[in-house]
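One chain, chain A, appears in both complexes that follow, with chain B as partner in the first and chain C in the second.
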Partner chain A sequence: MSVKIEDVIQIVEVQLGATGARAADRIIEDLGAESADIVGILAAVDAKYSIHIDEMELPDIRTIADLAASITRHTDAG
Partner chain B sequence: MNIAGAVTLLEVLESRARETPELSAFVYDDTAHSFGALWQRAGWFAACLLNQGVTAGDRIVLALPNAPDFFTVFYGSQRAGAVPVPLFPGAGPARLAAIAAQADANIIVVAPAARDGLKEVLADRPEQSNTVVLIPDIGADTPPVAALPTVAADDLCFIQYTSGSTGDPKGVQLSHANVLANIKQLIAGMRITKEDVFVTWLPLYHDMGLILMSMVPFYLGARLILLPTRLTNAQAWLDAIQTHHGTVTAAPDFAYRFLLRHLKDPGRFDLHSLRVALNAAEPVRAQTILDFERMFGLEHVMIAGYGLAEASCGVSTGVPGTPVQVDDRGCVAIGPPFPGIEIRIDCADAAQDPAGEILVRSAATTRGYYNNPAATEELLTDDGFMRTGDLGYLDDAGYLYVVSRRKDIIIQGGRNIAPAEIEEVTDAAPFVRYTAAVGIDPGGLAGEQVYLFAELRAGAARDEQGLPAMTADLVQRFLRHFGFRPGRVYLLAPHTIPRTPNGKLQHGRLRQRYLDGSLRSAGGILFPEY
Partner chain C sequence: MEQRGKQFHFVIGDAASIPLQVTPRESETAWRAVVEMELATPFDVSVAPLMRVSYLIDEGLGEAELILTLQHVIVDAVSGTALLREILTLCADLAGGETPPQTADLALLPAAEHLFPARYRGRRGRLRCAPFLLRQMADEIGYRIRSRGTRQPPVHAAGQPRILSLELPAAETRTLVRRCRKAGVTLNSALCAALLLTVNRELHAGAATPLRNFNFANLRPYLESPLPDGDLGSYFAMLRITTTVQGDMDCWTLARELNRTVYEAAKRGEKFTNLLMSGAVIRMLFARKSFRMGNTALGYTGVATLPQTYGATRLTELHAFISNFALGPEYTAHVRLFAGRLVWDIVYLDCDMDAAVAEKIGRETLGLLTAEEA
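Here is the complex of A and B:
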């Protein structure tokens, strides 16, 4: 299943209270997320796509585009 | 005056400064700060405050991170006869100003980065004339004052705000007698001695970091390693335990869960010096205890604790060195109440269900909330017990089990947050009718989170395209005020938050309708769709 990047951007924006985020933005460095916020983003992603991204994958997810790629892998695997 | 005979915390520190001035009070950033220096710095700050016109009993708000100046301001305020009001330094300026107003504090001490924002907020509040003070700008050349005011056992030691709600502020007033009583209770209950080595990153503005992890070692003259508060820096925490042979540390359950999940190469840490790893300030999970001890090859080191600001800090912990017990509900046994603390369970029918509201009585319990007689009356019984609002029971051996925490407080990441304070902030958004904040544990690593439900005005509810921006706006309002973000925000259709006939929000029913799915299936949730 292809994941729409704008949907992932929107999840990150509403979790962080951000606007104007872009796919290449780094979630922590550019958008100001704390590690607890990442947990909230993952919970939202899991709920929307009915998948489970393990927090062990977090080191590989820096940008919104990385997150979208991870979602795609999980939805394809499912 | 010696420490055993001290009736105020200041007498304890003065004795330490006089008898062992060179002894390290705490180590911060690899530098030891002696009791003599701590006492002298506090005296300097007291002189600065007196020069500013501070008089006995005045409240001084301080919002400072874990660093030596916290103690300078905290004890300096006391030495000037004033009452420190420590607050979370990451909170937004509006919250600091609001609580300063509730506490009738004329002086607010902040870190340099917070000054401009705070001054802007205060400029919009002409009725408030607070002075914002920075360390060391204030009176760098202030000469010492020969005679500082005398402080008595019944004078307030500090005020701990558990809610900054304007309508229902909860500033817990703790006297020197209260705090000293709790220090002695903690020492006896947790078998703490002056040989212990404390390692802590817990924030000093909050009771567990302040009383257990700094006042107790000060009282005993035990070694204290103070770290900056960085919840996610498990490595620095464990490094400090290993390097300094730490014997006592403490954290909320989620911090241990984060550590267990994210720590790389745990095998390189030797934590066998630890005697006590206290797990408290939020519900304790048995699995966390098992996993922590297994990861580091420890036995009977992690103990569960229960306490609340209204009891100064601690009420009960497990007995160090003994196995943890879990009941058939899955609740971790806390332990017997500390010596000097009475617990009574207020249950309807003990034969049916021994669980009921936990009531606490001891010399450490508060006299009540600052400037809130209604809440104080609700808190204290006629026979001197304090209603905790938490549900629990005592087993046959007298061990306390906490079944559920009070419903009017949400604990996110170890922080207590009052729904009423959240709702005052988010109700101000022009597109909402009402908001309701509820604590929900979605089952993951993070534990209980603030879930904010915002019921929209009719016009806003029709603006489908605008819903994401409204959600982001509410998150921003929350973040600016509290300094962290809620777990989830939901936008609801008009008239969906359950209320009583006289208009009171029904948080419990809302929570239930969210969890059982009926809120969504009835079309109540407009955004997001997950």
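Here is the complex of A and C:
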């Protein structure tokens, strides 16, 4: 299943109350997300795509594009 | 380090060799006594190096423990992990007959406050400290009023540090992570809430008590420019949160309250202002010689990004113990995810509790978080 990057950007923007985020933005470094924001983003992703991104995967998810790639992997595997 | 006026400065001295003690590994648990001895032996920060190493080896079994003792001023949890990865890689290369690459002398990294976002530096940064100081003073006054007669006595100089390690298997750890996400709280907030509740029940008889918990923030990603994890240094801040806890509270309600408090403090930039003020505050508190800064301290550092295989060497366990008991927490825990498991390393003073109570608190904390949902 192909995940639309615009949808993932929207999830991140809604959680962070941000606008103008881009796929290459780092969620913490560039967009200033706190740990609690990450929990909110992942909960929204889990709910929208009916997947579960494991905590152990988090070190590899730095950018919005990384998050979209992880969602794609999970939806393809599911 | 050198003290110039009220400021401490790093100094690169002559290449000091790092003390290495190699001893036979007499049992599987012999390392615990070494760690407790190391925790009880503070560094003199004016004398390099601020690191020492013990190596316990059983050549017959081919099993060993490598114990790195590091002054926190030179290494944080993130760079400590990077240092360990570098050492293990180097050892594997040497064991494999490879010549290790020649590395250049490392330059000193700037202090965290020089890398803060512009609005937290210089005069603007100091101005931002004023509301933080007022909130801290209000918290202190409120705490002293509410805890009159029930405050824990100051830390005893005679107390000896003791350690305890517990862990959650991978399946239970996954369940806990899912539960945190469903509750909308970080694993850190859930752990802190459960720890505060069990400390309240075991050490304060479950009575409504204002308890203080230290949270820790990794500053590296928030600096200008963000620092890579591999750069050795200490870039973290402490946030002290006072919460009234009662033994019959619901753990997840308390977790949500802590989560909101920590999140709001972080959004206000207190991870920066707290660090700007911490030197002055700690100097003031130490000058009083009779204080206890908190009841619990819990540092959750996320996933330890360490490979488990280095040539013929396999890394099977990873522990980290913090000796911040001098600041007064009755119960200090350092928590991380390693190989899918939640590893929970605890330090306490034997004058505050015995081993049975410490273990009971640790097990009940994990039990609260993994109990079947009603």
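Everything that follows uses one rule, which is that the second predicted complex is superposed on the first by the 78 of 78 C-alpha atoms of A that agree within 3 Å, B and C clash if a C-alpha of one lies under 4 Å from a C-alpha of the other, contacts with A are read in each partner's own complex, and residues count from 1 in each chain.
Quick note on the criterion: a contact is a pair of C-beta atoms (placed from the backbone, for glycine too) under 8 Å apart; a residue touches a chain by one contact, two chains touch by 3 or more.
If you're wondering where the values come from, they're calculated on a predicted model, not measured in any experiment.
Colleague: Looking at the combined model built on chain A, do chain B and chain C fit side by side or clash?
Modeller: Aligned through their shared chain, the two binders clash on chain A.
Colleague: Just to be sure I read the superposition right, which of the two partners does A:Ser2 touch: chain B = first, chain C = second, or both, or neither?
Modeller: So A:Ser2 meets neither chain B nor chain C here.
Colleague: Between chain B (first) and chain C (second), which does A:Gly40 come into contact with in this model arrangement: first, second, both, or neither?
Modeller: both
Colleague: State whether A:Gln15 touches chain B only (first), chain C only (second), both chains, or neither.
Modeller: Touch status of A:Gln15: first partner only.
Colleague: After superposition on the shared chain, which partner residues are touched by A:Glu55: those of chain B (first), chain C (second), both, or neither?
Modeller: A:Glu55 contacts both chain B and chain C.
Colleague: Which chain A residues are contacted by chain C in one complex and by chain B in the other?
Modeller: 34-36, 39-40, 42-43, 55-56, 58
Colleague: Touching residues of chain A toward chain C in the complex: what are they?
Modeller: 26, 28-29, 32, 34-36, 38-40, 42-43, 46, 52, 54-56, 58-59
Colleague: Could you list, by residue number, the parts of chain B that touch chain A in their complex?
Modeller: For chain B paired with chain A, touching residues are 231-232, 258, 261-262, 413, 442, 444-446, 449, 468-469, 471-476, 478-479, 484-485, 487-489, 528-530.
Colleague: Which stretch or stretches of chain C touch chain A in the complex?
Modeller: Chain C reaches chain A through residues 173-174, 177-178, 180-182, 184-189, 221-222, 226, 259, 262-263, 266-267, 302-303, 305, 337, 340.
Colleague: Name, in rising order, each residue of chain A that touches chain B in their complex.
Modeller: Spelled out, the residues of chain A in touch with chain B are 10-11, 13-19, 34-37, 39-40, 42-44, 47-48, 55-56, 58.
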